[in-house]
Each structure stands twice: as C-alpha cells, then as structure tokens.
Amino acid sequence: MNPLNNLSSTILLIDCDDEKGLIHKITGVLYKNELNIISNSEFVEKTLNHFYMRTEIAGDFDRQKVFNELKDVLPKGTTIRLTSKRKKDIIIMVTKEQHCLGDILMRNHFNELNANISAVIGNHDTLQDLTSKFNIPFYHVTHIDKSKEEHEAEILKVMEQYKPEFLVLAKYMRILSPSFISRFENRIINIHHSFLPAFKGASPYRQAFERGVKIIGATAHFVNDSLDEGPIIAQSVIPVAHSHSPSSMALAGADVEKIVLAKSLKLVFEERVFVSRNKTIIFD
Amino acid sequence: MNPLNNLSSTILLIDCDDEKGLIHKITGVLYKNELNIISNSEFVEKTLNHFYMRTEIAGDFDRQKVFNELKDVLPKGTTIRLTSKRKKDIIIMVTKEQHCLGDILMRNHFNELNANISAVIGNHDTLQDLTSKFNIPFYHVTHIDKSKEEHEAEILKVMEQYKPEFLVLAKYMRILSPSFISRFENRIINIHHSFLPAFKGASPYRQAFERGVKIIGATAHFVNDSLDEGPIIAQSVIPVAHSHSPSSMALAGADVEKIVLAKSLKLVFEERVFVSRNKTIIFD
Amino acid sequence: MNPLNNLSSTILLIDCDDEKGLIHKITGVLYKNELNIISNSEFVEKTLNHFYMRTEIAGDFDRQKVFNELKDVLPKGTTIRLTSKRKKDIIIMVTKEQHCLGDILMRNHFNELNANISAVIGNHDTLQDLTSKFNIPFYHVTHIDKSKEEHEAEILKVMEQYKPEFLVLAKYMRILSPSFISRFENRIINIHHSFLPAFKGASPYRQAFERGVKIIGATAHFVNDSLDEGPIIAQSVIPVAHSHSPSSMALAGADVEKIVLAKSLKLVFEERVFVSRNKTIIFD
Amino acid sequence: MNPLNNLSSTILLIDCDDEKGLIHKITGVLYKNELNIISNSEFVEKTLNHFYMRTEIAGDFDRQKVFNELKDVLPKGTTIRLTSKRKKDIIIMVTKEQHCLGDILMRNHFNELNANISAVIGNHDTLQDLTSKFNIPFYHVTHIDKSKEEHEAEILKVMEQYKPEFLVLAKYMRILSPSFISRFENRIINIHHSFLPAFKGASPYRQAFERGVKIIGATAHFVNDSLDEGPIIAQSVIPVAHSHSPSSMALAGADVEKIVLAKSLKLVFEERVFVSRNKTIIFD
C-alpha cells in the first residue's frame, strides 16, 4: 500500500518547525501542479514553535513529483505525508463488554468506519459469537495461566498474520506492557470509561459513585507506556444524579463510550489527528 | 429567624434511617392537618439505608404542632426541618476575578438569587468598585504580612457582624484553614475551575492545557477540610480544542463557572440539597 | 400476560384527578400490606389538576387484593396499573437506514433493551440480511404498486401474528394513515431526525442546512394522527458548523438518533412514561 | 476610523469567487511583505463556489500597500478588509428584561466585550438605573402613543449622535420595521429565546411548554426583514422536564440567552463571522 500512488483524492500532511512563508511555499507547489485544494487547515503549536498542516487535494497527480517539490521548499526535518483517503487495516481487542465492539461491527458492516477489521482478539470468548455474525475472525487468546509476556507473545503472533495499521482496544480490560506498546507508537487507540484525568485506573464508575460527581464521561486516547496517560483524541460526558448506582452509571456511560470511540476512530482513520508530544492536534 | 414561624409556603425536610411506612406516616400528619402538598420527593440512599424527603406545602399552619406530630410518628434520631421559602443571608468572598461576583450581584439586584448579600470580603480591593455600585459593603481584608490565623481572624470579625447562613467563595483564591472551615460545616460553597476530581489545586486551566483535554469544566461544592474534596453540588463542562491556550480556556471557562455557581446557590438556597457524608442528594 | 400476577418486583402506576391525601391513602394501602417501596415519584399537572404517581414495590404480594384496596380509597375514574418489570413484545419497522435498527438489535442481543423483538418489517429488503444475523424474522412488505390502505393492511396482517405491545419506527420513512395509527394509541414510537418542532416533515437535514442552524437534533415521540406532532419522549442535540453538508449532518445526526431512540424505548419499556394529552410526564 | 491604519495586530478578511491558487497568491503578498501569519482559516462554500478567508497578521506594516497588492492578484469583485483588532462602537436596545443587558454591562466593565457601549435605548425605563451604575447613557424612548414610524424615528435620532457600528437587541421585545432594519444590514444582532427555527415569534417558552419539548434553547442572529429569519450566529440549549412551567423555563433559559448573546458578540466583534446569504461562516 504505497501512499504515493496516484489516486483521485489525496490528503497532504505536513509538520515542521514554524517559519515565515510555509503556507505560501506549500500552496505554491500545489498551484504549480494545478491541484485543487478541497480543504485546508493549519496550526502553529506555539510552545514548540511547530507548524502542522492538513490539506485535501482533488484529482490525480504524480505524488512522487509533488512530494519531491515540497521537500525542496520546506525546512530540513519536515515530515511530509501524501496519503489517499482509504480504509485502514485494524485489529480490535476486547474482553467481555460488547457495546463498543458491537457499535464498531455495525458501523463497519454498513461501511461507515473507514476500516477493514482484520480480526478481533479476546482474552475471553464472550464476544466470539457476535463477531462471527459479521464473518470476522475471532481469536480467543486467554491470559489464564500465562505470564504477561507469554500472553502478549500470543497476541503478537495473531497480529503478525495481519500487520494491522491500528490496534483498537474496545474495552480490553488488561494492561499492556511497555514493550508491547512501544511496537505500535500512536497506533493503539483505547477507550477509557472516565473523563480523564479523573478516575484513572480500575473501576472508574465505582470511583465516580464514591466521589458523588454530577457528570461522568469517556475518553478515547492513544496508548503510551503510562496508564491512561496517552494523547487524548476525544471526550464526551453525560449528567448523572445521586440516584445513579455504579451499575446504572456504567449503563449510561456505555453509550458515551461507544460514541466517543467511534468518533476518535473516524478522526484518526481520516488522517485528521496529529500527535504533538502528549497532545493531539485535530483538524475536523 | 425562627424557622417554625407561620408563613404561606413551607418546605419540610426530613432525613432518618429508612423503614417501612415512612411516607405514609409523614403524609398522614400533613393530611390530618389539611395541608396541601405542592411537590414531594423522596430518596433512599441504599449504602447507608437512609431516607431523605423534601416536601413543599401550601398554606398557613401551626408549624410547631405539625413538627411535634411528625416527631411522634418518626424514628428516634430523625432530623425534621420546617422552613419557609425565604432569602438566605450570605457573605461572598473574592480575590480579583470578577465574573462570578458580577453574576451574583446582577442576579441579586434583580431578585433572582434568593439571598441577601450582607457583605463582600476581598483579600484584594480589585472588586470594591463593582460591589459599591450595588450598595453592598465591601471589606478589604488583605492577607499580606499576616499569618493565616491572623488573616482568618480578621475575616471572622467581619462575619460576626452579619452572622451569615452561607459563605460563598466566588473565586476566592486562598485556602481556608480546617479550623475556619469547621465553623461552617456544609455552609461554605466554593466554585472550583475544573471538572473535579480532575485538576485539583492550583492552576487547573494550565493543568488542563498541559494534559491536552478536549473538555473543561467547573464544579460547585461544599468546602470541608480537604482541598477540593467536599460534596459536589453542580458541575458543567464545555468543549475545548488544541487551539486553546490556558488563558483562552480560562476565558471560556469563566462562563461555565458563573453559571454553575449560580445554579448551586439556587439549589442550596431553595433547600433542595441534602448532604449525605461526602455526597449531595439534590431534589430539583 | 396478566399484569396482576404475583412477581418479585412490581410497578404501580396511578393517575387521577388531584385531591388532598392521595399519597397518604396510596402509601397506606402499601404499608398495610407490608410492601416495601423501592422508589416513588409523583407529579401534579397543574393545568389539568391531574395527579400522576409511579412506585416501585419490592416483594411478592396478592396484586388483585392490593388493586382492589387502592380502588376503594381513590377517586372514581382513577387509572391504576400494577405491572411487573418485564420485557415488552415489540415489532420494528424500517426502510433502508440501518443505524437505529442496528443499535436496537445489538442492545437486544445483549439483553439491554427490555424487549422481545418479535419481527422486523421493512418496505425495502435492505436490512433483511442484518436482521437475519440476529435470528429475528424479517418481513419485506413493499409499498410499490399498492395503495396506502393495501400496504398497511399487509403490515397489519404481519402484526396480527405477533400482537406486539409497541411498534417502533426505526427510520421508517413512510407516513402511516390515521386509521392505522388509531389502532395503537400511545404505542407507536418514532424517531424523527430533527429537533422538533423545527424541521417537521421530509428532509430535515436538508432544511437545517438551508437554514444555517448551529445545532441539530433528534426527537423520539409517540405517533398520533398529525405528522410529527405526537407527545415527545426524548430529545438530544449536537453542534454543527458551516462546514457541514446535509450529508455530513445526517451522518453526525445518526448517532444522536440511535441514542435518543434507545433512551426513549428504555423509558417506555420500564413504564416511566405517562402520556398527558400531547405531552409526556417522565419519571426517570 | 480608517481600517487601513498601521496597527500592531491586523485581521485580513477576504471573500471572492473560488478559483485555484487563491491561498498561494494571498500568502504570497503577505510573505513578500515579511508579515507573520498568526492564524489562518479558509472555507469554500460549494453551493455558491465562493471563497472565504480570515487571517491574523502580526506586526506593523503599510496596510494600503498590502491592500493594493492583494487587489492586484485577486479576482475582480473580491472583498478585501484589513482591520485592526479594536473595540466596536455599539448601542444596545432593551425592553424590561435585565439578564442580557446585565451580562453585557458586566463584561464591558471588565473589558471582556471588545466593545464601547455608546448608549442603551429602552422602550421602558426599567433598566435605566442599572445602566447608570456603569456610567452609560440610557435613553428612554417610549413607544406608547406613537406609530412605529414615529417611534423608530426617535430611536434613529439617538443613534445618529453615536453612529454605532452594531446595534445589539438585548431582549428588545418590539419588531423593527423593514425600513429601519435595511439601514443596518448585518449589523443588528438579536437574541431570540428559542432554538430557532422552532418557536418563532412571541412567547416561545409558552409555545415550548404547550408542545412539551424536552430541550429549550436560544439563538443569536443577525436581523433581516423577516421575523426571526436572519443568519444564525450561535445557538445553545438546555434540557427541561415536564415539571417546568413556562416561567421556570424562562428563568432557566435566561442563562442560555445571555451566554449565547455574549458568544455571538465576541465572534462578530473579533471579525470571525462572514455572512453568506442567509447563513454565517464562522472562523473560531
């Protein structure tokens, strides 16, 4: 899947140190090549003095030529990506809860997800039946009687068959090791069932109940080596009241979780998300 | 201000250990006294097996008689309050930020707050001019060159003139001592500029910016002896993006803060809030 | 399915003209029968002077006896229902759009819906394959080359096999005749893809785009004989911007539609909704 | 107030028919003049094939020179504005309700509004006292015993003294005539107390109550010659329940109204709003 192939719609992603004239130079290359800009967004992260730009370009063209011309006019160290709007290959990991997986499978079935789901991996087999309904391979890789290393080695073995571009943790309830995570930098997306950074770690609805909060939420984020500390992609919340138990909070929260995860996948798969250290820059 | 005076609209507040027949017994006393129930709410906190009830009653009646009859039919240790819908006497404490004080003064001026503002106390004099426009006494009690004890003693001296029922911290930016707080249990209301328990303590917008959250919020809560740990009364949030700086977050957050504080004051002053350990039960 | 059977959890629903002492009399019957109230809500609709009450009762008891005793103490014309918490039998009607049906099927599959889906009826066969995955009968009843009367007669024939308690219009895009609707008063639930009463009728996202609104929404409501005029059960909204096309609004709106429909079904199936003329009273 | 003066921060606003190379040409002029772009936003309205761009530029420069150079490279009929970030001169019109005026006065007092309030005009004198607290002239121009023409002629007479750039209708409850409105095209901002286009015209909270909606809202919009039909700038909503009366809806809605109006004023006064026929394009 060479991202420099000619295709009819292309996304240009650039990030580099900020300096005067960047937009002029970039759009100059596009204009000279007679390319039509469909939409364009830029942002300068001031604390890092770093420039980010996302441009949608219509029409066929020689991507390698445009890439080279952009490289010539931009500063050293610039990251340039020219990528077609295309479905991303993903693997989903689950435990027992179904709402996020169910929502993803349904969207995928009706071509809304912008992804090919290569496989679902579960440390329990609870969701095997559901996955099979949609003719997607399910791998039950139990963690029982295995060290974390052994368990993750088995997961990696499954993944190697598919070489996914993204790994989606759709309520996967075990903590991945730093060595596992480091293989997929900014490519693992997790849904956490709280409004991070509140209620990190286990049982956030129980924590929210104990604290007596009036709003609960969900957070989709990239996973890095610290627990629930990766760059946040999307968040949403709903009101709760004293009459909510931890379990009725969890039920209400499930709808927020699935919507936030789906939103974050859409943003990432449409190449709308830059990661800038521990934050995201999102052009939506 | 005897809460048992005869007045034309009365709020009955009861909390006690739960047992069968409570509602029947309570409404029996009201029915026997020919009282009309305008609205009625009950809740049983299951972890404590505790019953809470708030009833609005129309018409004049002998409150002492009804109080005694309720006492007779309810379990030992029941808290019974019969209180008229009336304005609460309050004192407001501020530092330099004006948006919460401004909103409170404006609501009060147009009789929306359900309170008499006896005075405003500031550790800076920034808001003296604004307060004076509304003919409310402003006390500038600086903390400079004073120990916390000395500073709080001076504040208490001002408060003693007025004997307020509630103390509202409308962006008062200093931490009150446990001994100060213990004098006003469940009677100090603070607005914290974050969606607690995220970003406790100082500079929450700076913290939110560093963490890269996509939503920020505000929390109104009673103050107890731990920092930002008291029972939460109301919370609200707004979305933010990568383009927000800490200061533009603060500007956007200011509107949420003033609305959440006003909402919590309305709830408390209308006797709609029970405190149950570190949580609130709110009948709105 | 006699609603007066003995079961371990019961919902008592009462509505009648308001008068003094209703709560006392009702709870008196419950107390005398040694029943435990789990939760209780009342409301008096003042313009109609009408009383509504919903009570959850724990434990087994002789429902007929309690029903009779309630009848004895309450005014003439009172509606009393004693109903167990049980799954409702429903039929779903669809056209081509999948998101609401998909969400309902998924919730039902994992026992979250509080319903038995007897069948799905579509005027197109687009969603037959999806429905079959969940082993639910799908009836393709085309409207082509049929009068509305003929088409609805065929739909009714399918329904007669199942005698559903509720009919859910999950993006069914044809208007039902008054005579069809009158057979199922307050038992047809529709999801309309706008924030009613804005943008009634066809193509609401196109209308919203033309009008340039900054927020779009969805409305779940009972269907009566006027188009999109029935009692509203639930509504929700999301922000949109000038950059949204009608189709990207529709995509964004789909998530709101499915959540609002699911929420309204939960409220109705848990017996939390009274219909009071053209409005709903909701005890949640 | 020549918008082409040299100042230290400048906003460039361009709209023209769309064609290839616009961004390149515009940024080329800026680059050649060694100007630093702080932020930049573009949008192409596809139904009109029209291009809109807003750019914030740092530093002093010869605006007339840049204006001329931009004119040379852009298509005929292009609108180019080079305007400094500066306070707008405004007049506010009110009737009796205070919450929107109060909020505006408070923000203005603390320099948050980005405006100079030249005067407040009321058809009642209810808000004279409040306005005076902030040392702003209040003109009581009663409509009683006057034709609309006479009344508006008196209002215009007051306005002529000040020549405001914007007229803000902060709960002004009378309908302005088309001839009045036509003098201030896209310069009159109104707050309507409903989620337009629902509940146009009078008594929207009464209408919302009658319809039994579960959400109410507010809409800030430019005023054109049809009632409540002008381009929408901002909208927001809050949930309501069956327990809300029209007056409690109005009280809850007041907070939404004042926040939405303030938000729209901020957007307009920071030159973030383009009007494109009956819609707005907002770069925030």
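Order as written gives the chain letters A, B, C and D; numbering starts at 1 within each chain.
Convention: a residue touches a chain if its C-beta (ideal position, glycine included) is under 8 Å from a C-beta of that chain, and two chains touch if they have at least 3 such contacts.
No experiment lies behind these values; they were computed from the predicted model shown.
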* Smallest count of steps, each to a touching chain, taking chain B to chain D -> 1
* Taking each chain's centre as the mean of its C-alpha atoms, give the chain farthest from chain D. => C
* To do: Have a look at A-C versus C-D and report the one with more C-beta pairs in contact.
  => C-D
* Asked: Approximately how many whole Å separate the CA-defined centres of chain A and chain C?
  -> 36
* To do: Determine the centre-to-centre distance between chain C and chain D, using the mean Cα coordinates as centres, and give it in whole Å.
  => 41
* Asked: So which stretches of chain D touch two or more other chains?
  -> 39, 43, 243
* Contact residues on chain A for chain D in the complex? -> 20-21, 23-24, 27-28, 30-31, 34-44
* Structure fact -> The chain A residues in contact with chain C across the complex are 39, 98-99, 102-103, 106, 109-110, 112, 130, 133-134, 243, 251, 255, 259, 262
* Parts of chain A lying in touch with chain B, wherever the complex brings them together -> 43, 45-46, 195-199, 211-215, 217, 231-237, 241-243, 245, 276, 278-282
